[in-house]
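Next, two complexes with chain A in common: one pairs it with chain B, the other with chain C.
Right, the complex of A and B next:
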């Protein structure tokens, strides 16, 4: 059943060899080496303007003393070297928040993927009407703006007036008081608003899997779980890679849900995540340079996570 | 492969343009210095805060402007009412871009020191001292526009908090308004045990200005020192006593921590207004909110008692000021307009229109005679108020939630008073240190 992965891996060396041959062996065409760059140029210029330049500015500001006083010209801008980073790394709260963010994001990603994939499989197994209902429910959750969704969830789980406590018979239990309870509460909302993307994407992927393969698996007597593990998951790997990376990036950068649902970071800051922490530092306290340093750290972490993940996949013989 | 011959040329132009626009590499800094010009004609721009019910305020302001236009031919004023929620962004943007900035602004008095450090407000010490009405300004109000001994605006109105209590509940249970903070806690517990559906007193872990009077009443101070170098006073024995007194109000015998730890000032006012609390600490500016709740006609207000009988707990003197921007090109006109907007006559009218307490002691006394509701607030102001440290670090301390975090850590049982206050003091000192 692991067959589909092997031919891909076996294919690769010849492909590489062919490419190498093309560069060295055949005579160069008109336009030469620059041609691909010329075609890439418009995209590169746009990327440069919209991505590289802001990231450059972010990095630059993180090395300066840059607060409101510098922006409005009350005091001169000074170079701090790694001063902002030193301040940041000395702050115990930063490490606590970083750990909480990593764990929270990991839980959100796992939750989103599990729910999204399960529902995608479910979609392929139900009839048209329930499928439509599920799709609409998913799209509704997807289309709801984060602030609205968070506020509605807050009302649903309200200690005094919320229907959830009434249905579950929890009395006036406060969901936002305990640290883990508050994180769980926010996690549920994050999963709710981000699973539709996974569901729709994976569902589209499953539709593209040849029916014969699934039929063969069914004839062999494979259970749904076994079909998923041994047939669908390997064949959908490129899609799963994309949705995982997307989810990692989104969930690591969660802001609105935490900000709205825990009132800006929870009791005594127990539910702070990196983005809300950066907001507190950068905008609320106007310490733009410290905020920029946090931004750079976040960027590096996300890049590292993504690169490690891609590398692992590459080792397993997949090309994105 | 038809294009390559021409494409590079176009591309070169495109890239050159992109490169040019990228040469502005350093982060933006505005000039920020005084423009030097002092024109006597032209249009002055004024930003005032948009209140919930703004019409009466506009009327008062319009009559001020009519007088201003009459006395300054050739000068005009355009007033913009900016939403309170986005004021921070608007005013920061104004400092960043003097060209589109107003000449005169209204601002919250806790922001004074920060705005001065940002280089946004003009020093009007000489004008303020020469102003014949200034001598009647209440000392705390004057302190709220003063940084390092220099005056950066005129006080516009003050806001202060006192103790609201339910007359019906107190009557039913045979209780009297508490005379000390100790009695307040006992009364609150008594109410809660007799009426478990009510909070004795609604308190909030994020309600800094409701918590600070307890600290001040026990002889504590937020910070000591002045003019630039401050040290946190949170970890002194007196301050700790006050912190202990406030945080002891959280619990199932008054205001359960699970609900009250996260509440801010507005939440406690809402709880009181909707009949869920027998007492609350709320401002004169909360009058409307309480009146429109279900407790209308069933409450009264007294000054929040101090630690000893017969004393009043020092309240935080909130409020707004009017200031002139440093970048204005109409300094003389702007200062004149500031004085008119913050004049005794205007403040009296503003009180009648909006209920904002005047910053001049004499005007305030007259106001209290016209409107008995404000008496406990005027009494509170008269007995002496406190203010946050006039340091630009305060904005940072406030924004990074140092005090709410401390109270919440204690209330939720995560830290004891000594540890939490020590940690908070350290954070405050770091902030004071970082702004130099």
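Right, the complex of A and C next:
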């Protein structure tokens, strides 16, 4: 990795590459090797202290017996080995929550992507005014803080005072009472506040597709669906990968919406997702080590997603 | 693209535009309802025949919100936290992005992959160890307990996104600056920084939102000293699951949403181009 002859050199002006080659691994004449590390130092210190170290600690706590007694210093911490994980994996609730989290996140991702992509295509087919309207509405939804979004949706779908039930003629149907209707309710809110990111990004991507390509497709009489499937989707693949992965990461970690909209996980915890579950275990029932173990499980799942992402990036031949 | 559009048959385009407008209205509706409910007098909110307008707007809900303990203080706290995170993460990310794009060095690729992986770390999972960390450093119940973690969590994405902007500045410019006798530091701050600034703004949207919206950390780290609380917590004071004060909640929500909206509208252009750049890069 010391050699400057990385593929990166290809898209650089020749001067740069030549000089890089001449100085053997230090592309700069002045400053030398230390400079990039000096620039990186603040970032590395912050990330090391507040990200890497806590991850390490999370792992550590998950192997210890750590409850209120240990927190207050009343009892020494004891090493549990995999005991916490065993407890967790034996707990039926954990598997139920894990399954719910995966399905809920998948549904959110699919919903967000479908709505975001469809509207991005729609944006390219309308004139400036409707486009601006939709763009601004989307930015508004995107900008809405999760807490306020949740409370507003609660009011909209309120059994007594909400307009939605009136319009749909649902009477005083409570959206948070049933397990699935509560999940659906939260899902709608999550899609509402996360599709704009997809819409804006994909729209920016479509705009970057050369007009001739689309014209050619239109001249050949391709239907809009066909244009999307055979022309746009392949060209937008890198962007679609990014928004998909980003959505997976966000939707897998939904916390505020579930916490606020279902009142901390729904009736008898029917709407718990891993994140809220870990929080409840740790902070509501002081089982910090169990909460940490759940955190580790989440971390591993997201790490797997990351690895898939990196493979996809590499397959596209993208440089880092 | 104009040609393509001309080829779309007229009725189809009109249908597309009508649906775009309809969807825009639907998407904006929750926000409209929020502001509307904030201005409705109490009697109209607690009505089972909700009307999408009000004939007698009132400021009662806002008065109640601002009369609530120290709402102004919470607002200020939130601004402080978000502001500190935005400024610090912009500066730190700028330096780091410069390092990974303008220099070749050992472990460069490794570092980049680590920044990518760091983005995936679920913030929420780290609440427990961070809680102990903050306690050990005596930061519980201080704004520092909110600023520091958010700084750490917004950095990887900011660095990742800024790379594209730093890359876009031609190398020739650096050569020229060097020939003219500018030191590296001078080049960094007087030439590169202003050029990358639009990118910094786009990036800061994300840091701002994550810090401004934060709910979990505020809930977990600000446990006893409510004078250090932030807006999301203040908002929930009005939201009691059994008997929510909807007017108050909506007024507080409006107050909380407006700064983000303003911020978004200001940086909208740069955001779109920034996202395009970051993604295509």
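Note that the second predicted complex is superposed on the first by the 254 of 320 C-alpha atoms of A that agree within 3 Å, B and C clash if a C-alpha of one lies under 4 Å from a C-alpha of the other, contacts with A are read in each partner's own complex, and residues count from 1 in each chain.
Heads up, the rule we're going with is that a residue touches a chain if its C-beta (ideal position, glycine included) is under 8 Å from a C-beta of that chain, and two chains touch if they have at least 3 such contacts.
What you see is a predicted model, and the numbers here were worked out from it, not measured in a lab.
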After the superposition on A, what does A:280 contact: first (chain B), second (chain C), both or neither?
first
Should A:265 be classified as contacting the first partner (chain B), the second (chain C), both, or neither?
first
After the superposition on A, what does A:137 contact: first (chain B), second (chain C), both or neither?
second
Let me test your reading of the model: by the given contact rule, A:68 touches which partner, first (chain B), second (chain C), both or neither?
first
Touching A:302, do we find chain B (first), chain C (second), both, or neither?
second
Could you look at A:147 and tell me whether it touches chain B, chain C, both or neither (first, second, both, neither)?
second
In the superposed arrangement, does A:57 touch chain B (first), chain C (second), both or neither?
both
Name the chain, either chain B or chain C, that contacts more residues of chain A.
C
Tell me which partner A:77 touches in the superposition: chain B (first), chain C (second), both or neither.
first
With the two structures laid over each other on chain A, which partner does A:33 touch: chain B (first), chain C (second), both, or neither?
second
Contacts of chain A common to chain B and chain C in the A-superposed view 30-31, 35, 42, 49, 53, 57, 61, 71, 263
Which positions of chain A touch chain C when the two form their complex?
1-2, 4, 6, 8, 12-13, 15-16, 20, 25, 27-28, 30-31, 33, 35-37, 39-40, 42-43, 46-47, 49-51, 53-55, 57-58, 61, 71, 119, 122-127, 130-131, 133-134, 136-149, 151-156, 158, 160-163, 166, 192, 200-201, 203-205, 207-208, 211, 214-215, 218-219, 238-239, 242-243, 249, 252-253, 255-256, 259-260, 263, 275, 278-279, 282-283, 288, 291-292, 294-296, 298-299, 302-303, 305-306, 309-310, 320
Across the complex, what residues on chain C touch chain A?
1-5, 7-8, 12-13, 16-17, 19-21, 23-25, 27-31, 33-34, 37, 45-50, 52, 91-93, 95-96, 98-100, 102-109, 111-113, 116-130, 132-133, 148-149, 151-153, 155-156, 159, 170-172, 175, 178, 184, 209, 212-213, 215-216, 220, 232, 235-236, 239, 241, 244, 246, 249-250, 252-253, 256-257, 260-261, 263-265, 268, 271-273, 275-276, 279-280
In the complex, chain B residues that touch chain A:
1, 4, 7-8, 11, 14-15, 18, 21-22, 25-33, 92, 95-96, 114, 117-120, 205-206, 257-259, 261-262, 264, 392, 395-396, 399-401, 404-406, 408-409, 411-412, 414
Residue set of chain A touching chain B in the complex reads 29-31, 34-35, 38, 41-42, 45, 48-49, 53, 56-57, 60-61, 64, 66, 68-75, 77, 159, 172-174, 176-177, 263-269, 280-281, 284-287
